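Letters are used for the chains, namely A, B, C, D and E, taken in the order the chains are written, and counting of residues starts over at 1 for each.
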Amino acid sequence: MRAGFVIRKCIGAISTLAFVVVFNFFLFRIVNRDPVNSMFRGRNLKPEKLAELRRKFNLDGSKWDQFVAYLRQLLHGDLGYSLKGFRPVATVIGETLWPTVLLVGTSTFLAMIGITIGYRAGWRRGSKFDTTATSLSMLTYSMPEFWIGMVFLGLFSAKLGWFPVGGLEDPGSHATGLTKWLDQLHHMLLPATVLGLAYVGEYMIVARSAMIETLNEDYLQLARAKGMRDDEVRRRHAVPNARLPVVSLSAINFGFIFGGAIAVESIFSWPGIGQATYLAVRGPDLPMLQGLFLLISAGVILANLVADVLYGKLDPRVAGR
Amino acid sequence: MSESVVELTNVRVQFDGGRVHAVDTVSLQVGRGEVVALVGESGCGKTTLIRSIIGLEPLAHGSISVLGESVGGRRGLRALRRRVQMIFQDPSGALNPRHSIYEAVAEGLRIHKVKGHEPTLVAEALSNAGLRPPHRYLRRFPHELSGGQRQRVLIAAAMALQPALLLADEPVASLDASIRGEILALMRSFVDLHGVSIIAVTHDLGLAWNIADRVAVMYLGRIVEVGPTEEVLRVPKHPYTQALLSVVPEVEGLPQQILTGETPDPSRIPSGCRFHPRCPLVASGEADRLGFGDRCRGVDLELEPEVGVHRVACHAVTFAAGATPTTNASGTATAG
Amino acid sequence: MSVEADLPLASPRSIRWSRRRASLAETGRRIRKDRLAVIALLVLIGFVLLAIITPWITDRADFNAINTGNNPTNQPPNGDYLLGTDRYGRSVALQLMWGARVSLFVGFVATVLTIVIGVLIGLAAGFFGGWIDALLMRITDWFLVIPFLPTAIVLAAVLERSLWTVVLVIGITSWPSSARLVRSQVLSVRERLYVDRARALGAGRLHIVGRHILPNVTPLILASATLAVPISILTETTLSFLGLGDPTSISWGGMLDQAQQSSAVTAGHWWYYLPPGIAIMLVVLAFTIFGRALEEVLDPRLRAR
Amino acid sequence: MKRQSWGIALAVAAGGLIVGTTQVTTTGASSPGATVTLTVGLQQDLDTPNVTAGYLVASYELWNLQYATLTDKAANDFATIPGLAESWTASNDGLTYTYTLRDGLKWSDDQPLTAEDVAWTINTSRDQVWLNHSAVTANLTAVALDDRTVEITSAVPDPKLPTMDVYILPKHIWEEPAAGDVTTYEALDGVGSGPFTLKEWKPGQEWTMEANPNYWQGVAAIDQVVFRLYTDGGAMAAALENGEIDAAHNLPAELFVEMSKHVPSPDLRDGEQGIVTVAGEQGGFTELAMNGMAGGLGDGHPALLDIDVRHAVALAINRDELFERVALGIGTQRDTLGVSPNTEWNPEIPADQQLNYDPAKANELLDNGGYLDTDGDGVREMPDGSRSLTFRYAERSESTQAEGIRELVTGWLAEVGIATEVSVYDDTQLTDIIASGEYDMFVWGWTPFVDPDTLLSYFKCDQVTTDVANPLYNDANWCSPEYDALYAEQNQELDHARRVEIVHEMLTLFHNESTYVVLYHDAETQAYRTDRFEGWLRQPADIGPVLFSNSSPTYYNLKPLAGGTGDDSGDSSTAMTILLIAGGVAVLAAAGFVVIRSRSRRDERD
Amino acid sequence: MSVLELRDLHITYRTEGGDVPAVRGVNLTLERGDTVGLAGESGCGKSTIAAAVLRLLPKGTNVSGQVLLEGEDVYAMKPGRLRAVRWTSAAIVFQGALHSLNPVRRVGHQIAEAIRLHAPHGSAAHHTDARVGELLERVGLPAERAQHYPHQLSGGQRQRVLIALALACEPKLLIADEPTTALDVMVQAQVLALLEELQRDHGLSLLFITHDLSVLTHTCEKLAVMYAGRIVEQGPSQTVFNSPEHPYTRALAASFPTIGDPASRMNPRGLAGDPPDPSALPSGCPFHIRCDVATPECTTLDVALRDVVSPGAAPGRSAACVHVGVARV
């Protein structure tokens, strides 16, 4: 029952999202804070104005009223206002979304090279290739991504000057077409590499152990007995089975890469969700943080849903019955 | 005829909220010192049946009594589980890999707070099960023993509690052929020496021939034929028993009657005689020719009433005997 | 077979002890065969020892800014300062040593919290099953899916800054995977034939949990705890780097934050940000290698291969 | 006036804000007809271009450039000089001023700029309590007498007049948003009357301003200014050194000091002259505040009520060392508050009243007051022995200097037997805690407006918070009727010299009370390259910053240098091309390698 | 030419614990149409032989002696030739049908794959599909089953699929390695009947490997009994089973009681002790410690397989025991 399977997974995702919404709301009300008070000190604002601002930030009324108001807002796609200049959180997030999609997408792609490496390493368990790849993976896995970023920035940008020190494109650039594309690529190469490097090891290790799990399966022996070449056996029989754990871990990893993007984007002044989160944390701009958290969670939940459904597609046993 | 050690009356066990009828109205009685082999294909409910005797599966209907006390309810469970012991198909799985042999045997003694010097009891039990000298085994771990030795440890642990009834779930199925005989001989020796009763679940008719006093053949949750081993295995009456015997290589001379189709599915029990879709008599048209084909397809039946020690649930047999077909009567088998 | 084992009718206690010794020795033997794991363990022991003896061999006051007024600032490593000094003239080497204490402390305590929550929930879910299981696993799934680091960041941003907050945050965000692990292990152990046998023998729930389930789950918990420590350390590092750690205690992540704040990277003060990074890397690597080796030895599923 | 982190138009705060630098990258300054671009790096993005809603330092720079004011401030000393108004007259009572606008004023969109725009801005901002106007316009009423004449009347005597540095907004653009909720207006219209107007904003990256062809002083010499955001100060410094940007604002102190040492930079490229660093004072300062507990709110330590204890705290702190080691000597050491970037308001504290580092004297004061360490744990106790001199010490997580200050200050206090318990808060939390009065001491700072009145007003008794929900501004909870009387006097004193005298007296009084221990006066760390532009102006002269000053006159004053190179885009694109080719080759090689390897391996296992 | 000939085959596994000799000098010949059963307890080396025929042993395993498939030494083949020979000269029906089929591939696909691997280039896909359907029907499954995944089939059906798969390239030799072990009696009978029928119809040679001596007796003409890596008795199956010469064969045969035979009624028989650990074989005849007729010389003398020449012995019988053969002459 494929449809049933997908629906079940969707319901699960929705329940998680609902949980995140509730969690998100109350998390930010744990501490009784009145950002409006502190923000507008020194402005000689009249109490009416302050009250109006509080209303705007949904800070008046009981917790329950606030929650209801929050839900109502959410339903309208309204994430509230940033403490920074009253800009709607949704607008700010909208602006920062694309650079992050670009960066996280690219680095995920880079990190996924680890899957191929992992499959090969696992297939030739104990070989020199395996030992080298595994050691390197463990090494990058052990380094905090922002630290890699610091080292790279210090070396390749500050010292060697090969890459710009930050940003999405050259200052004041109004380039279009290929120039723009190359410019952005040039800016992205370093942060994407850092982020990719930080997670390539994890993909590699997961893919490797997934491959090793399948190594002793009888169907590989059968495939060989059929007269298949070794690499065909790997590609056509081992990999399709080793893909399963990788898919579900990729989704979880996606959340981690998002997390890693927070520090890396801030180091490379990359104008994405991560940098926005960093700024909101340092602000602190709680409504912004709240919106960002909701968005990131939704993204990761979606990724998990996709992974689940994909899993069902890849493994007929899961969704089969 | 000795007194009965266990008595099952119209036992029904269901799974999946009643969707699956694993055991469907079974009555059986086992006397003291008697060995009953419960045979049938996998999925026929034989393992479920013995698990229900020891309270591992709740009854949906019917009753079981052991030594006159009825099973069920938490109160008597512990006492019951001393009088009834069980050994399992896979001795490697049934021993906790982290427990030494000593602990495996002592576990039951401790649970039931058996009086006596524990190390002595354990050593005796091992010794009785053929593991001699026992102290060579005490500190070992299951993985250091062979399959046969493990099964002996399990038997020792079970017998250490001096049960009245031993339930054996495919006790030799996972062992090498050459080992089987020794284990079966050991089990039989406990019957002969200590008077324990055994219900042995097996798909191996050779085992039944080797040690059982009586054989009960199960099909889809129901006993379809029961009787003294020699009669049932030499002169099977039920077409299913006949087919089963015909495909066992150890039986000489019977023309092979290979049933088509798969192992039956207890969640989809056919109407009428539950065997009729695979029954050679029905398939060949023999039943229709003799005039009871419709009954096979339409009328469910249980074992014949107590007309003899060898009883069958088959329309062909009852028809031939001219007896009225039973539909709802529930007969109780008498011990041979 | 040893002579001792041949002694007839040994007491149950001595049997139990010899069994424990044997299994410990067996574990040790297997681990020892993995040379990398041994090196990793030595590295870990080294760091832990260093963290323990630091207060005895050094004086915290030596790198209180108030006492470093006459020290050179931002000095590269030299004879006086093995790893150089920072912007307040404080010895980086001293900070690194004291930072080890905080980083390891947070790593261990947060892991303990993670594991305690995880084990309680996993055990409850796995053992009771039914609606309790369904509910607990639903909650676990929620926590598992919501992104770990952003959640930790958001939590830490909202709560007050202290080491305990960091510990709490890590505990709250990382328990689900250990809960899942424990539950699945409990479920698998619960289905084992020997648990069936114990029930058939008349064993009660307590007996089964205590004698069969826990002992079989414990090694796995141990291994996964070892693997959780480096994650905790990395998380602490990241939180500190983002300014969400405890600013009044020096941890490796805090050092990196300080380095970043004082522009060590662009100023070329490599001795300020490389050592803590390398220390983190070493400890995380060592924990991971050792944890994986331990897992391989202790997890019967992996050992079978 | 505002807390450092929320700088206002005139003043720019340093503190813990993530501020940026400026970067100037130009494309083809050397080729005639090409756009001349100044690129400025900074660490803070705009919050909004909407002047009625924004409050971040970065945004003020935008408004300073985009909106001209009636009166300007002289670049060197803040003197009030004609702006949009070419002249003005005062009424006899000093309450009403009549301004005459210049002839032919136009908005950047070619609409005429009239007195109606002025009157509308002043009256509407007063009525709607606009964030950045209402402090000035609260008591004002403006009437447009004709197209070029506007009459402004203040309800109270106001020594700040005739200075009218409020941003005049184009009524034809703002009328519609102001009819609704003006704060939600995006304000990307880019219509203004200043030298540059907003052209494009890429949030999180940069914003661009282009020269206003209708600026009343004439079109600027540079065509556009790009403000480039860097979250990481080090990255910004590197960008400045690489020539990616022309100037940087709020450089990390370490790098600033480093750069200062290398003037001119030894590794200059051809045609470059070097990087000039500027430590620009704005009157902002960092203080250690102690809870005076006036107003009855909170639970401050009772010992702090004793002026001797406060003096002892001040005497225990080596401000010179603090300044050198934590602020790295950037800024100035002054004895008391800065109430204006204009240094004429700063008093000389008589030598015998100064509270300079003297731990012996601090110990003596405490000993004499009966604060003795009776239990021998190194911490003094109250004279009645009831509790020890252990103070809660709060600092801001946002400040990069908080750690250094904390380590030193708490260390020195310990040396005179005063213990501290440190907590770290973000600005919002700290504000709440201060409002509740549940603190003993905290470290924060202020940055003043040009006119001292606002900052002075904060220390009046009526600014002591007595209701947590409505925090006021007297964060030390200190109250002195004498101070209040002096405040009232200067507030309406129209004789400037006399007013300065009164303010000096107030500040000396405040200093002697030691409610605030002013640790040092901060300075903006800025740097600019000298290879492409000349005409950098410090405001005020000699000590002020070149950018993000009160009215930021630099931009209009900058001229491109003849023959200045700086078009480094050629450089970077060459590098990029090489890199891409190298990358492509590497990818191909890797792919080839993989293919070959897998070929050679195919049969290995068979 | 023999379809399969094993000449003095020795196979030694290399493990961490040292070398484990799994097969120690086995000679075996299968002619066209032969059905040979290989019996023995677990660990006796019978499955190793199955894997050895197609050179499927793990890397590093030491093989000496020869495995001749239609006269060609498998271990001297170039990789390409080896692949070509696999499945066309000999195919294997593996034990454990659940694990031998790839769970994420449709069964039809897995059969077609074998066909395509050995098909001449350019043969059309629909031919393959038709062939898959044909094969499935041949083993008693509807052709639509090709679209199913392994988990959607029952154990017996899966085993049938494996048999169809083995037939895909029309091999001359079929090696069946415990093909019925996990199956129920009735299904086992079905599968055995199918195998017999196929063997007959296609003139296949069949090497049938199982621990179940009684099954072999019914299925195979010839029987070879292995113990500790060696064939200890060989001959026509009925005679080997009914009148074994080697004490091991005798004990093994006795542990399969004949139902209806009063001798075994209430008299289970078997063999004391456990199968030997291949890595630590006893000296002399490896069976001597379990042997009830062992003599002192058995502890030192390991007799090779030799013809049984006792009067009345069926032709073609041989055994490896000091008590049989020459001694009885």
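Keep in mind that, in the parts below, a residue touches a chain if its C-beta (ideal position, glycine included) is under 8 Å from a C-beta of that chain, and two chains touch if they have at least 3 such contacts.
Remember, it's a predicted structure, so these values are computed and weren't measured experimentally.
Would you mind naming the chains that touch subunit C and likewise touch subunit D?
A
Going by the touch criterion at the top, tell me which pair is linked by more C-beta contacts: B-E or A-D.
Here the pair linked by more C-beta pairs in contact is A-D.
If you average the Cα atoms per chain, which one ends up farthest from subunit B?
D
Go ahead and note the Å separation of the Cα centroids belonging to subunit A and subunit B.
The computed centroid separation for subunit A versus subunit B comes out at 57 Å.
Using mean CA coordinates as chain centres, what's the subunit A-subunit C distance in Å?
Computed value for the inter-centroid distance: 24 Å.
Hey, how far is the Cα centre of subunit B from the one of subunit C, in Å?
Roughly 51 Å, centre to centre.
Which positions in subunit A are in touch with at least two other chains?
31, 153, 158, 165, 224, 229, 267, 278, 282, 284, 286
Please output the residue numbers of subunit C that touch at least 2 other chains, ranges allowed.
Within subunit C, residues 243, 260, 265-266 contact more than one other chain.
Among the residues of subunit D, pick out those that touch two or more other chains and give their numbers.
232, 234-235, 238, 429, 603, 605-606
For the complex, give me every residue of subunit E touching subunit A.
51, 54, 56, 82-88, 91-92, 94, 96, 99-105, 113-114, 117-118, 149, 151-152, 165
Quick check: in the complex, which residue numbers of subunit B touch subunit C?
Answer in residue numbers: 54, 56, 77-78, 80-82, 85-86, 88, 90, 93-100, 102-103, 106-108, 111-112, 118-120, 123, 133, 135-136, 138-139, 141, 154, 157, 161.
How about subunit D: which of its residues touch subunit C in the complex?
232-235, 237-238, 252-255, 258, 321, 325-326, 328, 395, 397, 400, 402-404, 406-408, 411-412, 415, 422-425, 429
Can you name the residues of subunit D that touch subunit A in the complex?
Going through subunit D, the ones touching subunit A are 1-3, 6, 8, 18, 23-25, 27, 37, 39, 45-48, 50, 53-56, 59, 129, 131, 134-135, 138, 183-184, 202-206, 208, 224, 226, 228-232, 234-236, 238-239, 242, 244-245, 398, 426-429, 431-432, 435, 454, 469-471, 473, 569, 572-573, 575-576, 579-580, 583, 598, 601-606.
Which residues, counting only subunit B, touch subunit E once they are in their complex?
Result: residues 41-42, 146-149, 176-185, 188, 203, 205-207, 209-211, 229-230, 233-234, 243-245, 247-252, 256, 258-260, 262-263 of subunit B touch subunit E.
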